[in-house]
Amino acid sequence: MKQEKLPLARLRQLSEHMPFNRSLGLRVAKTHEDGVTIEIPIRDDMRNLAGVLHGGVSATIADAAVGIAVLRHFGGERACTTVDLKINYFRPISEGKVVARSKLIRVGNHLAVGTVELKDAAGNLAGFATATYMLLEWPARIKIKK
Amino acid sequence: MKQEKLPLARLRQLSEHMPFNRSLGLRVAKTHEDGVTIEIPIRDDMRNLAGVLHGGVSATIADAAVGIAVLRHFGGERACTTVDLKINYFRPISEGKVVARSKLIRVGNHLAVGTVELKDAAGNLAGFATATYMLLEWPARIKIKK
Amino acid sequence: MKQEKLPLARLRQLSEHMPFNRSLGLRVAKTHEDGVTIEIPIRDDMRNLAGVLHGGVSATIADAAVGIAVLRHFGGERACTTVDLKINYFRPISEGKVVARSKLIRVGNHLAVGTVELKDAAGNLAGFATATYMLLEWPARIKIKK
Amino acid sequence: MKQEKLPLARLRQLSEHMPFNRSLGLRVAKTHEDGVTIEIPIRDDMRNLAGVLHGGVSATIADAAVGIAVLRHFGGERACTTVDLKINYFRPISEGKVVARSKLIRVGNHLAVGTVELKDAAGNLAGFATATYMLLEWPARIKIKK
């Protein structure tokens, strides 16, 4: 049986339960057939020594973009945990927001893999990531209240 | 001419100028011949849906651990920017702190590569990362005040 | 000035000058606006213990798919060398051929990054890779005869 | 119960059953508490356009170095398959052999992760890799004859 995918409102609610995402102001902007678009508005406390967005914020949003896509894919009924994240940085982001568009390219029995395009507010490609999540089958450690 | 490496006190000072590191409470704990040890005390606002440390915080500290090692290696005289970060997650971290020990394994003319062991407060290996930095030769975008 | 891209016939000729590609029977099947499609027919001497295509062959074709796309992008006028390859394996390939479709997603001053979809003969996605090439500016170590 | 590790002679025998390893002349040189050292003598048919060792051969030996370490770790009693390989290339190898020393840094219930140092015949570090293997629990697809 195919799981019903989570609607946007529900995904937004869930993302508000994740403390680190919330502290970064992460927002689910859109859902797609194969993934999601999320964004983080840039704040001054997210910058690095060079004054641009810290790579750690981009890594966080890339990780989250695939995690939220997996969550949605399984209708919130399956827990998952990142086992691997790889991110390439192309250009610095200094203003506005960072936008991450994830696509699930593989959902297996144990692992799910997604790609992520990272863009700045003007739509320039700023980075690219691949994340692998392990799908947990055991009594999930998280209980999502409905 | 070999650059003189930055001492611990100076590295700590620099890390305080990086807004995102500061907002995470990142601390340089130790310098080594080939890298640094840095740590972030875990706060509740760094957790994910499962209640453990968000992978984005681990990615941030891994990225920073290599960046700070490169900064130190060149005596703070050379700017650098992450071009690639790859991180494997082995086990969740729920309490205490996350500790990152970086080692520069390659410093070339254009690129520097470092590995990072991520551990929890008890010393268990929680993850492993590899980061590649591009060494900037052009008039550096950052000016580090001494 | 924008470099003229290499035509298919020229790319094929070049690929025949690469001993390892030749020994694997690598063939350039198609060029695209943003990359190339190449393939390797599976031979029994390319299998692993499980009897399926060795991951090293997939890694080789992924690496080559981006390298050939870079070669083409610069009209064969610029040497390049792989600095980083990351590949995810989704499903084993046992018969027919392995097909790699590369896309250059970033061409900077020093680095070029491409993604690769790996498919089996039936068109099933068997893996996904990202490769980073350094663009060499110094007197190239290779001289491509025209 | 802890599995007895495979001795060197047995590992060598197994590696001879892997067609692609055999066709590259891969040899298990040494076993270690935490991994193995394997090597491939460089032949002219392993070169790329620049005349140096093709990155695909290095990727193959990196993949194999972790796979053989996993095989040994479980006494040959457990099948495994690569899910992810990441390799950084530092310097070209032109003569002699490529040597890969793997270390298993994580063996979990489902995944095993190893790092690999790639060196040339003179002992110079030529690259670094991380590979993730999925441990197969189902009736293994391979049957290793003893």
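Here the chain labels run A, B, C and D in written order, and each chain numbers its own residues starting at 1.
In the analysis below, a residue touches a chain if its C-beta (ideal position, glycine included) is under 8 Å from a C-beta of that chain, and two chains touch if they have at least 3 such contacts.
Because the structure is predicted, anything quoted here is derived from the model rather than measured.
S.K.: Could you tell me which chain lies farthest from chain C when each chain's centre is the average position of its Cα atoms?
M.R.: B
S.K.: Counting C-beta pairs in contact, which chain pair has more, C-D or A-D?
M.R.: More C-beta contacts join the chains of C-D.
S.K.: Distance between chain C and chain D based on Cα centroids, please, to the nearest Å.
M.R.: So the centroids are 22 Å from each other.
S.K.: Would you kindly tell me how far, in whole Å, the mean C-alpha position of chain C lies from that of chain A?
M.R.: From the centre of chain A to the centre of chain C is 29 Å.
S.K.: I'd like the Å distance between the centres of chain A and chain D, where a centre is the mean of that chain's Cα atoms.
M.R.: Comparing mean C-alpha positions, chain D is 33 Å from chain A.
S.K.: Which chain C residues touch at least two other chains?
M.R.: 83-84, 86, 88, 132
S.K.: With chains as vertices joined when they touch, what's the shape: line, ring, star, complete or other?
M.R.: complete
S.K.: Going by the contact rule set out above, which residues of chain B touch chain C in the complex?
M.R.: Those residues of chain B that touch chain C are 83-84, 86, 110-111, 132, 134.
S.K.: Of all residues in chain B, which touch chain D in the complex?
M.R.: 86, 88, 90, 105-106, 108, 113, 115, 125, 128, 130, 132
S.K.: Tell me, which parts of chain B touch chain A in their complex?
M.R.: Going through chain B, the ones touching chain A are 14, 17-24, 44-51, 54-57, 59-61, 63-64, 79, 81-89, 92, 141-142, 144.
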